[in-house]
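Given below, in the form of structure tokens, are the structures.
There are two complexes below, and they share chain A, which is joined by chain B in the first and by chain C in the second.
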Partner chain A sequence: MHKELSDLINRNVSGANAVAYLTADAKKFDSSITVETSHIYKVVEFLKTNKTTSFNSLHCISGVDYTDYMEVCYMLTNYDPSAVRNLTLKVRVTDRVNAAIDSVVGQFVSADFLEREVYDMFGIKFNNHPDMRRILCPDDWEGFPLRKDYVAQKDYNGMTVYPDNKMNMEDREFIVRQNMIKKAQAEKAQ
Partner chain B sequence: MQDGVVLTTLDEFLNWGRKNSLWPMTFGLACCAIEMMATGAAKYDLERFGCGAFMATPRRADLMIVAGTVTLKMATRVKVLYEQMAEPKYVISMGSCANKGGPYWQYGYHVLKGVDEVVPVDVYVPGCPPRPEALIEGVMTLQKKIANERLLRNKWVKHA
Partner chain C sequence: MQTRWDVGEPHKPTINTSTEQLKSDLLTLNMGPQHPATHGVLRIEIWTDSEIVAHAIPHIGYLHRCMEKHCENLDFRGVIPFVDRLDYLASMNMEWTYAMTIEKMLGTEVPRRAELLRILTCELQRIASHLMAFGTYAIDLGAFSPFLYAFDYREKILRLFEEVSGARLLYNYIWIGGLWNDWSPEQISRVTAFCDDMEEEAKKYHELLSMNKIFIARTAHVGVMSVQDCIDFGATGPILRGAGMKWDLRKNEPYSLYSEFDFDVPVGTGEVGEPGDCWNRYIVRMREVVESIKIIRQVIEKLEPGSIMGKVPKVMKLPEGEVYFRSECPRGELAFHLVTKQDSKEPFRLKVRSPCFTHTSMLPRVAPGQMIADFVATVGSIDIVLGEIDR
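Our next item is the complex of A and B:
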């Protein structure tokens, strides 16, 4: 199913470079199609307007941080029971500092808040988005919380985020000690 | 004549009035608010304690029940709401999140570690979320606390 879909995308959207990633059980939602980052709008437009697929709902956009690159996943759905029901579409964002991809709000209005949430948590900007602001965190928040290299703020508006008298320091020291032991064991093994 | 006279102290009379007409603020932050609503509804009936009139504005309320996770974004708003309430005013911290951060106590970058960081708390109700009985226990504990207040040693008078 994903194989045919990726061929269909490649035939109709030039330069999309769709690659199907298949898992053993095709009925599970783990299978996906990865497309070129710059062509995401055209691919989504094609999948929506085209008669054979006609995905009529975008129900989720999520970001993933793989430390050396980031990924944005689009979950498309078709409510017609006779058609292909679900599709996971993925694009890669390699530039972490100026991460930016095209917005799909022009095709699916539901992408508005979903893209804002991805921006809030991962710092990926969406070009041509009507209202690119943070959605969950306050406007003066520093950093993007779901990135792997995120460091929590010490103070926010005069409030201490981790007050020492309320933290269980024994637990924290235990974790630090365990990490040191693991490191030493790994070095020994080498 | 002797049936028409009741002798009491001013302290007791004021405290009796205060503790039996605690008006909480309509203010819920997370799942604890669902339990708070259940407490106010017919089965547990917070009105039995004179505490069921949930006011829609902080200016008419005496009691703030902080029911739920206080995020850093909300903490400034909680403080403003507390300051808008008229004195005497009381705070019940309901549930683990409001008490000390709850499940977010160690890695919750966005959660205030206890609402007592921003407002003074009178009664802590433990639980995640506390059952309505626990909240009623908290309200009754607060009522006992109010019953022992002395007008001239009152913190509200001292600050006036």
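Our next item is the complex of A and C:
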């Protein structure tokens, strides 16, 4: 199903470069389609307007930070029982400093809040978005919390928000240490 | 850096730019964050032209704990108490959805008794959540007594949960692979008794509130969200069904054992008002209570003694992959997007798709042209829980 869909996208949207990622175990995991970052609007427009797919609802936009690149996942849904129901559409963002992709608000109004959340958490700007502000964090908050390299700021408007004696500090350090040990072991094995 | 409260003028409305011309005539009012009608710490900036709302901008994030970041540092079992605190009025449903997400990745088989008891608890929780919605919605509109009736019966459910799980609101009861504790036959018989009482009580509610003339005057033809609007905004649950679309994941994409059960999906038909208005959203919830009772009765018939915990590895390690799993919660479709790395003990990324988040984004669409009092009725009819919006 994902293979046919990606072929369909490639045939109709030139330069979309859709690649289907198929899992070995479809019962346990989800498959997805990755498209060219610059073509996301056109692909979404095609998937919505075209007769064979006609995904009419965007339910969720989720960002994932893989450290060397970031991914934005669009969960599209179709309420038509005869068609393909759900699709995970992905784009990759490699530039971490000036991360920006096209907004899909023109096609799905639900993207308004969802894209603002991705911007708030990952710092990916959405071009042509009508209201690109932070949504959950305050407007003058520094950094993007769900990035893997995020370090919380110590003070915010004169309030200490990240004290040194924070309760879970030991736990976090433990995990970091464990990861370092793992890394060292992996390097040793090589 | 310049903050929002440094700016002298209110910032311009962004979605409906036509109101900009009227700016000098408009008065900015903040509804919230401590307004009782917002059901939590939600602030809605409304631009009013005398008593007509010209524009509404929801500001959320007052309860933001960045739970998704916390989860990245916890093992898969440790996430469950955090998931509880998303929608604190329907914690069981939250836990269950999370447990099912992990079980799907692990490929765990949950024993039949555990599955049935999960359905039982979650349908009870759905009733409790809808009773809360019923009671607080009446308070929003100025009627106090329905709240007391609703809380009386909600309390009975919470007592049952307290006996079974040890907690009244945040349970940590549904675990990955099964349940923490079994229900005794005595408790099950109390559920049966509760169902009988509740069915009679639900009829009383219709007399008390649903068909009340003042209530109808306040809610019919108010805050209409059409099916097209709901689909565009990704609205689900009672909002979508209230607009007249028969869509319920328990029926359309049955998970767990829901395909075995016989129940209806109530939709807003517009016998009072029109489909998609506040009254129809409200009545869908009240009818769902009756459908949930139907499901609970069938569960009790099917219950057989057996194990309540499936085989789960002691140290839980998940393979690399990702899953987007959704389920029908009292407020709409809740979904978890879980990404894991090879042999990971903690989630690499856990995204919560919360139904109320998308429902809040619909407010700017319905608000323009409403009276302020009607806007309060609209916000109440969406039945938002801020714990889930802000995460």
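What we mean here is this: the second predicted complex is superposed on the first by the 156 of 190 C-alpha atoms of A that agree within 3 Å, B and C clash if a C-alpha of one lies under 4 Å from a C-alpha of the other, contacts with A are read in each partner's own complex, and residues count from 1 in each chain.
Throughout what follows, a contact is a pair of C-beta atoms (placed from the backbone, for glycine too) under 8 Å apart; a residue touches a chain by one contact, two chains touch by 3 or more.
Bear in mind the structure is a predicted one, so any value in this text is a computation, not a measurement.
Of the two partner chains, chain C is the only one that A:D112 touches; chain B does not reach it.
After overlaying the two complexes on the shared chain, residue contacts for A:V161 are found with chain B alone; chain C is out of touch.
Using the contact criterion defined above for the overlaid structures, shared-chain residue A:P145 touches chain B and also reaches chain C.
Number of chain A residues touched is higher for C, counting chain B against chain C.
Of the two partner chains placed around the shared chain by superposition, neither chain B nor chain C is touched by A:A184. In the superposed pair of complexes, A:Q153 makes contact with chain B only, with no contact to chain C. Residue contacts after overlaying the shared chain place A:V64 against chain C, while chain B stays out of touching range. When the shared chain is aligned, chain B and chain C each come close enough to touch A:C137. Of the residues of chain A, those at positions 137-138, 145, 150, 168, 171-172 touch chain B in one of the two structures and chain C in the other. On the side of chain A, the complex with chain C involves touching residues 23, 25, 27-30, 32, 56-60, 62-65, 73, 75, 77, 79, 81, 85-86, 88, 108-110, 112-114, 117, 121, 130-131, 134-140, 145-146, 150, 168, 171-172, 175. Here chain C touches chain A in the complex through residues 1, 3-4, 14-15, 60-61, 64, 66, 68-69, 73, 104-107, 231-234, 236, 245, 247, 252-253, 319, 321-324, 326, 333, 335, 337, 339, 346, 348-349, 351, 353, 357-358, 360-361, 365, 390-391, going by the rule given at the top.
In the complex of the two chains, the chain B residues touching chain A come out as 72-73, 75-76, 100-101, 105-106, 109-110, 112-114, 117-118.
Of all the residues in chain A, the ones that touch chain B in their complex are 137-138, 145, 150, 152-153, 156-157, 159-163, 166-168, 171-172.
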